[in-house]
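Structures are listed in the sections that come next.
Next, two complexes with subunit A in common: one pairs it with subunit B, the other with subunit C.
Moving on to the complex of A and B:
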């Protein structure tokens, strides 16, 4: 009893945190996973059609299916959902909005009209194959669309038409940007962290303050400040112009493109690299370096053979942190990325907020999260095997 | 809430239920509109006078058009916005989707000259689900110092990077842009929507846009568009005429409007379905779309009122800056909201993809 009580009290203490993580973190992620493969919207709007087509073998449309569609459209008419249904179907197959609108209007006037008489489109067996597919609540099409693959009427997988093909490119672009940002952070952050670790207490405080200062500033304020600096008539371009280094027509495009995204992301993410690295460097005994020097090694050799390997854990931790944070970056590309500096998260936001294609947004989010999980699980192990743990 | 706390006394449960029930007369309204100068003009001519008269405070929220946020609110049953300022294509769509309360035009006040509302509002500005407020226009605007010699004056000049070099500003949505692309490519205004409805016509519009893609900067909000023009980030931009006019008259920015092939559209107030403040919301709509508030709004932004009775109240200097002024309206094209409702989904998606490709 005595042993059990403190443990129960202990559990009670962590309960708020566990509840918080479940409610605010695990549940939304589970919902996202579910949404990427489960999309019952059309099935709910066309319950009879779904039932009529559930066991359909794909050969010859029976009267019962026509009646089901007719009844579903009339109900959607009555409940003011026809616009929503037409929009949803149109997303699956361009042109269906017109067919649904025309048919629904006819049915409103004359409920007994045969569908095929309203529009010849209803005699097309491909249309029924599409209907059979989209009225099923479980679907892989969002995940396929997120990989620029689409399903034809007869069920074959083909690449998306070229004008709509962009997600694979965007995933690759995002990974490339994340790698580049990580590399630049490492090149800038390593000497800085070393300077912090090597300097005296007062200088160290100042350097630490300089790293943390942007950390404490709002993301929006920092992005706006960068716009003032980098734009065509911004501080940097005007300065270069005044010094005669560029001409009036040769102003540099430093923002509203990929350059802008990378510059601002490096600035925002640099502290995430410097701080873990500094904590590793600060913990290293200076005796190793002195030992190497007293044994006659050149300072460069000492650095490459002794100091650098000892700081690998800090580099790995900082690098992984920056890389993974970069993969999900959204605000910065939206503000300073212009057209070419957009990343995959901006497309997820587009489908969440503007196109309302939540299934596709969830599928893109799921793929991104899986990529991050894969990296988070494998990279530290790879680093360990490669001797990065020193 | 009742399920979550079974031990709460029944009196407390009752209190909770009463507190969360719909209020009969609201003392606050939330109105979503397009922000910046536009919301400021509504605030000065409509929100503030309404608060002074009724004591109802108005919370203003900015949004960027489109029905996404609204749909999410209505479908999840958590309606935070009571009234939305919408463009016609969103009003049509939202009305069909049941997002808005129906409007009874007989309830609208007559014009100050006694003409009943149904005759006072110009054609098309009374909708089943909304009440019109202003006529505004998609125009081109340029930064005057960016073109020291010849000034751009026609829609073709927007796509002519040789004669008029400089970066172009484009919105992140395709409305009016595709129409302009086709007109600049030689399609007659009366045929624009017919051509755009064909796959070849759409490809042709995008091909025309491709010619300026590398020189384009894309903006999301009207405020951003003005900032890009005023900072010299873009030389020539697609724009909303009222915002540009405000920047010229209020902030003395060196900007100019090109009225050639302006594409005009209207804005409406619509009451969100399921709001707890339905009655108060309609009180506001009736007040704000009255003769005087609509005429007052032109003092703060150059958008034309949809009530005929408001026209005589507008100062001549302001009237000349409105899209509907005779010199400006010569070859204007009416934005076809019904066309966009029918074709918009696929085009919006293609435009968004075109942007990042």
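Moving on to the complex of A and C:
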């Protein structure tokens, strides 16, 4: 074998999968990025307006622009796209739906009417600045929207009015839930992984089986199981009622809210914490702990000063995995989160499937992905610098 | 004191184990509920045989919807599993022959589906496939599932390869075996457990996948997870409990079989 051939054979074996993932995975992700800044829908529906306003200096509206809008609206009338156009414009600026509807109806009856005579709104230069902005296919407005920032008519960036600020809070709430879930997983997972590492072969096999069974079981099955347990007429509430611990009116709201989301997420993600930690613990030599004990250290001291630091890499690996997985969690909150237990992923799905605001969905997705990538790239390095990788 | 602490510790671990497994076991008796509710009836609690029923099992085995869903899930997984296993095994074998930089670059690309939240992949692939007319098609779901599970195969096969001794291949070549036959006679038997567990994982993941399916499946492509999804979200019928019980049973059998095989392989190895 000469030196070149192993690497050529290597490429021949690796390239099919790399090419497949580039096409079937990275290209779709890139499409999502693109969608967050490229939204040609309004531009496609108003091609003449776009052209007329593309070079506009913002000082005085010329007749060409009025004619362009008039022609675009009449074409949209003819192709039955006027409803969609009105809805899309209204999403950019509240009130535009009414203006477009009224104008389009008038133009249908009398195509030559001047726009300003149909509605005085058309004389407002601010409206034209908005039109110039939204007819451009390249836009930052979805990303700004995803950060609760909106653009005023004269182009200034301002925070959304209080009632429409949703997403920054939701991002923060998602991060907070992810941190809480990670913490609970650590508190439950550490002793469990330790018990696995410290026990004899048959107990260890049993404990491993008990953690792998839910790990391999369908997410849907697990969500169903928790609904059965936690709902208002579920097993836990009925049990507490039968024992007289709660009254009929005092049934606990354990599901279809944030409590439900957190309980079920911990259940789903706990194996992801236990398994990497266990593999670190199982590989530790017992001699350090014995040395510490034989030198007279109290077991708790031995644990805190010797054993715990040795297991940090496992804690870091499991914690990072659980945190990153929770940031993007969708299925569990969708099924058991009700109205208040939703996370950022659910909002993305909502805009994809219900509100059909795909640009905003793509923008929220882009921000979430950037956050996840940032964490995945920086946290392991921070941990390394902090000495967590022994 | 020490024994008390020990007892407390194992009690705690027992509770955690109960938290992990009991929810899965609770659905088993409830799936025999004769009523359309998610809770125990008084007759069931008195263990009266008349209070138990196979109604929901009959419903899912006779329902055309559930049958279609099962057929769809199995067909998708049946294409995804060999495709992902082949691509993933090849890549795992090839990665170690690449120069360091190329290996790291390829590994990052291959691992990317493991890091990115599935909802974002679902969003992206919907945008990507919509202009091609591949939403609401099996092709789209199969492509997406393969991209999603092939990296797992690379990981499992890769981890068996770390214990693989390259000198065996050199020995085979010195003894006059051409590379291809050395692969089938030496490499393949040694990495077979990794391939098998990778394939199993690919199958289970594809079979259980809900998010991609939610975005890409039309009515004709409904899978078991989607059927359960609507059972949990919209209808709340105990039919999903029957389906869930069957799935828990299946997973338990697969896991017990895998553990027994691993144990007999270990003891066979010890005898040798």
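Note that the second predicted complex is superposed on the first by the 384 of 390 C-alpha atoms of A that agree within 3 Å, B and C clash if a C-alpha of one lies under 4 Å from a C-alpha of the other, contacts with A are read in each partner's own complex, and residues count from 1 in each chain.
In the analysis below, contacts are C-beta pairs under 8 Å (C-beta built on N, C-alpha and C of every residue); 3 or more make two chains touch, one makes a residue touch a chain.
This structure is a prediction, so every number in the text was calculated from the model and none was measured.
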Scan A:35 for contacts with subunit B and subunit C and give back first, second, both or neither. second
Which of subunit B and subunit C A:12 touches, first, second, both or neither: second
Can A:233 be said to touch subunit B (first), subunit C (second), both, or neither? both
By the touch definition at the top of the document, which applies to A:342: first (subunit B), second (subunit C), both, or neither? first
Have a look and say if subunit B or subunit C is in touch with more residues of subunit A. C
Just checking: does A:211 make contact with subunit B only, subunit C only, both, or neither of them? Give me first, second, both or neither. second
Between subunit B and subunit C, whom does A:91 touch in the aligned arrangement: first, second, both, or neither? first
Using the touch definition from the top, say if A:138 reaches subunit B (first), subunit C (second), both or neither. neither
Overlap of subunit B and subunit C contacts on subunit A, residues 231, 233, 352-353
Within their complex, subunit A touches subunit C through residues 6-7, 9-18, 20-22, 24-32, 35, 188, 191-192, 195, 205, 207, 209-214, 216-229, 231, 233-235, 238, 267, 270-271, 324-325, 327-331, 334-335, 345, 348-349, 352-353, 358, 361-362, 365, 368-369, 372-373, 376
Counting only contacts in the complex, subunit A reaches subunit B at residues 79-84, 87, 90-91, 94, 97-98, 101, 163-166, 169-170, 231-233, 256, 338-340, 342, 346-347, 350, 352-356
Interface residues, subunit B side, partner subunit A - complex: 66-69, 71-72, 93, 96-98, 167, 206, 213, 216-218, 231-233, 342, 345-346, 348-350, 352-357
Which of the residues in subunit C come into contact with subunit A in the complex? 9-10, 12-13, 16-17, 19-21, 23-24, 26-27, 30, 37-40, 87-88, 90-91, 93-99, 102, 106, 109-110, 112-113, 115-121, 123-129, 143-144, 146-148, 150-151, 154, 204, 207-208, 210-211, 214-215, 225, 228-229, 231-233, 240-241, 244, 247-248, 251-252, 254-255, 259
